[in-house]
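Structures are listed in the sections that come next.
Shared between the two complexes below is chain A, which has chain B as its partner in the first and chain C in the second.
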Partner chain A sequence: MKTLTRLAFCIAIMITSQAHSQSGSMVEVKGGEFIPLYGTKTEVPVKDFRMDVYPVTNAEFLKFVEENPRWRKSQVKKLFADDNYLRNWKNDLSFGDDMMPNSPVTNVSWFAAKNYCECQGKRLPTVDEWEYVAMANETSPDAREEKSYNQFILSWYETPNTYKNTIGNTFRNYWGVSDLHGLVWEWTSDFNSVMIGGESRQDSTGDNNLFCGGAAVGATDLMNYAAFMRYAFRGSMKAKYSIKNLGFRCVQDIEKSEL
Partner chain B sequence: MIMKKVVLIMLSVFLFSACNNAEKKEADVKEEVAVNTKEIKEEIPELSIYNLPSTWTTQDNENIQLEDLRGNVLVMVMIYTSCKAACPRLIADMRNIEKQMPEEYLDKTKFIMVSIDPETDTPQRLNSFAKENVMEDDHWMFLRGTPEDTREFATVLAVSYKQISPIDFSHSNIISVFDEDGVLVHQQEGLGVDNTETVEAIKTEVSN
Partner chain C sequence: MKNFKNSKRSIVYVFFLAALVAGLFTSCEKAVAAKENPELMKVYGESEAEMTAPPMVPRPVGKRAATKLVVNMEVVEKEMEMSDGVTYVYWTFDGTVPGSFIRTRVGDEIEFHLKNHPDSKLPHNIDLHAVTGPGGGAESSFVAPGHEAVFTFKTMNPGLYVYHCATAPVGMHIANGMYGLILVEPEGGLEPVDKEYYVMQGDFYTEGENGERGLQAFSMDKAIDEDADYVVFNGKVGGLTGDNALTAKVGETVRLFVGNGGPNLVSSFHVIGEIFDKVYVEGGAMINENVQTTLIPAGGAAIVEFKVEVPGNLVLVDHSIFRAFNKGALGILKVEGEENEKVFGGKIEEKIYNPGTSVSEVAEETNDGEQVAEMSMADKMERGKQIYTQNCLACHQATGAGIPNAFPPLAESDYLNADVHRAIEVVKFGLTGEIEVNGNAYNSAMPKQNISDEDVAAVLTYVYNNWGNNKTEVTQKMVKEVK
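Now for the complex of A and B:
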């Protein structure tokens, strides 16, 4: 009996320390199935995973380039980042005058974002994972048909320069994740899985209805419009692009053995 | 008491390994970079695909680094072998380009098909696909990598793809030409398009 109690105690410690050491500023997202707003008409499965509560900040990215010189502005290879990479930084290791340490890092390429996450033992979220978490508002895991949710997103799309704001100033959603809407756009691991445009004759996933403006502007149309903007943006990206309103956050798989 | 120790040992092993993994990854990268700079006489251009550190498996089940191809002009396309619609036409386009190459140029050129479905396209499967399509000469090559490396490689080629059912993908139809140092010099997009410029690009690079 004594042994059992100790065992239970140790397991409890193990679980809490595990949670403490790995969660940091991450929260757990319970997986499920959902129909994304674009790209498919069938349900896609999403596994349980952890997601960063906030996008990666300037200060966090500075620490990363301090430790990984190959991602410094002056040293990054042109294959991995275009000329706009860390454009507002004064030099390799200092920010520009109007940059805040706790604003989201932007002007980072997909390669840099991907490697940042890998160095934290994490990865970039897939499009499906990102969209799955981002369809939540404060109270519901799927708020896509709520007018206020869509209006918030669309009014953000019309607001310039939100990337200069600091993290944590938009809403924290159902899962405990902040700033998915209202601050910056975010990289996903498979952004190049979005097939939009005439060049792909094999594009059998595109929903042509989205190209034809609907007559009424109901919640569904607003919702489609907001999502279409995101998917179209992803479809126009290249991995070395570094854009001023595009940042990222990381996710992590949940190993079954931890439970 | 013994139980507790065992658990504690297990616990510490787990925590350490989780921590070391991340570090090891970084160390690996650094090592690779170090090796690269040592072995190569001339530095790889910044825009070269040889800056990608990934390992690939050929249809002959050999593991290669992209960099092992340095010195060849590369003509690359991304396909999957169970594809019924576009890929046979993409393969035909590759063959058409190959046919227009003078025999002596073929020694310095590799026509490479990279699988976007590495789970299905095992080396064995790529090998039989090569046989069925009579693409067994040395200048034909089929490659498969990890799903992550494949995704990364596609981003460099500006190729989009998405699995839309267990056996089917939608994908861009792009044939890319790389010079001897792995720098992208030409792309043709679409099926059955006029390939004059592509052929010219390859000839120019080989004769350089």
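Now for the complex of A and C:
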């Protein structure tokens, strides 16, 4: 019953926020197959989908908590968000003067991010979808072999406090998606499915075909060290964690109308 | 027959003795083991570990019993100076490279709190080589930004151990400065000494070449090629020179806890002007005596001890010597006190040595005979750069910055710009004794350079027309006139 009401609530929200979500524009990503960091030989298929052009902003998330009191800072259940949830916000309905409305929202848990997307009629991207789009640079859908692409990402990983920047100031990639690199980390729906364990040097031993981390000799994509760091980051997460450098964006399936 | 009997008896004796000795040994071993099995050691009380930034170390454990020791450590990613005008985003344990020194004794129960600062971009963890257990604690301590991980272990083996981050990509985390030392003292502690210091070597890989100014990014390519731009003690060029120099007084015994974080290079650790009285080889229980240079592997450590008998500056180096003079692996231990001429008499006389003929004299004669045409300014600059690289760069550095307290700068050098004839003299005939350059005193020796007048003119022209100097053009004629 509770879930039902929640669903109804979400649908209601969905209808009201439909206009808003449209304005938070999306672009279409043509699916395909690629070999992600963790796969030895097999290609992973990715279906066509739509992705938000930008990560969700403070202003957008503020609207969300206005409409959904249970995701307000003071009311959120501890099970769904740790003490760092919206930590920089001044109070329940204000994100504070030193934060920009069009900076990405951070310090949100996976539960909150997931629900946000659901209430927009969207969902969080899978790791594969995210990585698929993120391997593009401005001109090529797969730039992983390019030195400048890797260099850009690595240098971002070494630059502190980029979460304070505003959206749309990095590059817009081949698919028309912005800020996948250079602004904040982003939640994915199955962030914990590919683990770089705490003991990353062991991930390559044994029978599993995950070979992340230190012993990267077997990786198909040796130069893509930046990706190792993303997988390591995801591996350190739990769904209730709220991190200063971690935001999110949503995606949407493309319904093929078969008439 | 009698002989045979005798020998048989002696064989029996030998056996008996051997058995006795063996018995003694095994029972001894047992007694020792029973006394020292760290696993069974009882812990008394609880305290928070004293943590110190390099080059300092916490107080010795002394005679204290094993205890429960709470260690608090914070991971901080921050921009710091690598060299003059060069900065780097270091990843650190407790905000320093190397991280805080941890001092424990055998049998301690350590409760380790690893906190990752909320501003961190990345998750981190710690692998302590002093831990007996999977990953040295790496998995148990894996911690996201803005979180804290707690794990426990018991110190089973005395020795000096490296700790480091082991999060993917491991090499990069170490290359960015995530390492330090943990000392596990034996029961009763190490023998007291007068001075103890913490020194750790590391190699760094930057996008720009050594000396290139500004914020430098990490270069994965160079790290994989093991082509280091900087090899330094305590995290930066000059980490142990100038105001950061170590100090001691004549007659004191100095103990250095020396580690090597790597990630790649093995250190040939040497102190110019001293002999290590004792080396705890590889940081373990074996003690070697009277050692000149000790090898410290990446991810390894050594304890060295020596009594300083005479005053002066002892120079800590990686004796893979280009690293010391060209990449930064150079530190100073300043010893003050009374001269001791019994140990070191110093220079007592200097006189002319003239065996009659000399190679360089012959060369000079031919040079004198030939009248070489004066080079163009452009040629001089090019030739000068070559000569500089071959003869001068090792000490005065590629940027002419010199090395603080060792080799004076040529860049914006008041000493140089004040007197071109003196400069020519220095290059032609060498220079010893104290001089003052840009307000700092230098007292070392520059040898006479065995190069032609033409080359002296070229190299000085190169130096004068670089690094903010007064653009003097030095000619062969000017060089020839200085005699």
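We take it that the second predicted complex is superposed on the first by the 204 of 259 C-alpha atoms of A that agree within 3 Å, B and C clash if a C-alpha of one lies under 4 Å from a C-alpha of the other, contacts with A are read in each partner's own complex, and residues count from 1 in each chain.
The rule we apply is simple: a contact is a pair of C-beta atoms (placed from the backbone, for glycine too) under 8 Å apart; a residue touches a chain by one contact, two chains touch by 3 or more.
Keep in mind that this is a model prediction, so the values were computed, not measured.
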Partner chain(s) touched by A:Cys119 [first = chain B, second = chain C, both, neither]: first
First (chain B), second (chain C), both or neither touched by A:Lys244: second
First, second, both or neither for A:Gly235, with chain B first and chain C second: both
Which of chain B and chain C A:Val44 touches, first, second, both or neither: neither
Partner chain in contact with A:Asn84 - chain B first, chain C second, else both or neither: second
Touched partner set for A:Met100, first chain B, second chain C, both or neither: neither
Contacts of A:Asn161 with chain B and chain C, given as first, second, both or neither: second
Chain B/chain C common contact set on chain A: 199-203, 235, 238
List of chain A residues in touch with chain C within their complex: 84, 87, 150-151, 154-155, 157-161, 185, 196-203, 212-214, 216, 225, 228-229, 231-233, 235-238, 241-246
Parts of chain A lying in touch with chain B, wherever the complex brings them together: 3, 6-7, 10-11, 13-14, 17-18, 21-22, 39-40, 68, 70, 77-80, 110-111, 114, 118-121, 189-190, 192-195, 199-205, 235, 238-239
Touching residues (chain side chain B, partner chain A) in the complex: 1, 3-4, 7-8, 10-11, 14-15, 18, 21-22, 25-26, 33, 46-49, 51-52, 85-86, 151-152, 154-156, 158-162, 164, 170-173, 189-191
Footprint of chain A on chain C - complex, ascending: 77-79, 89, 118-123, 125, 134-135, 138-147, 166-172, 176, 217-218, 220
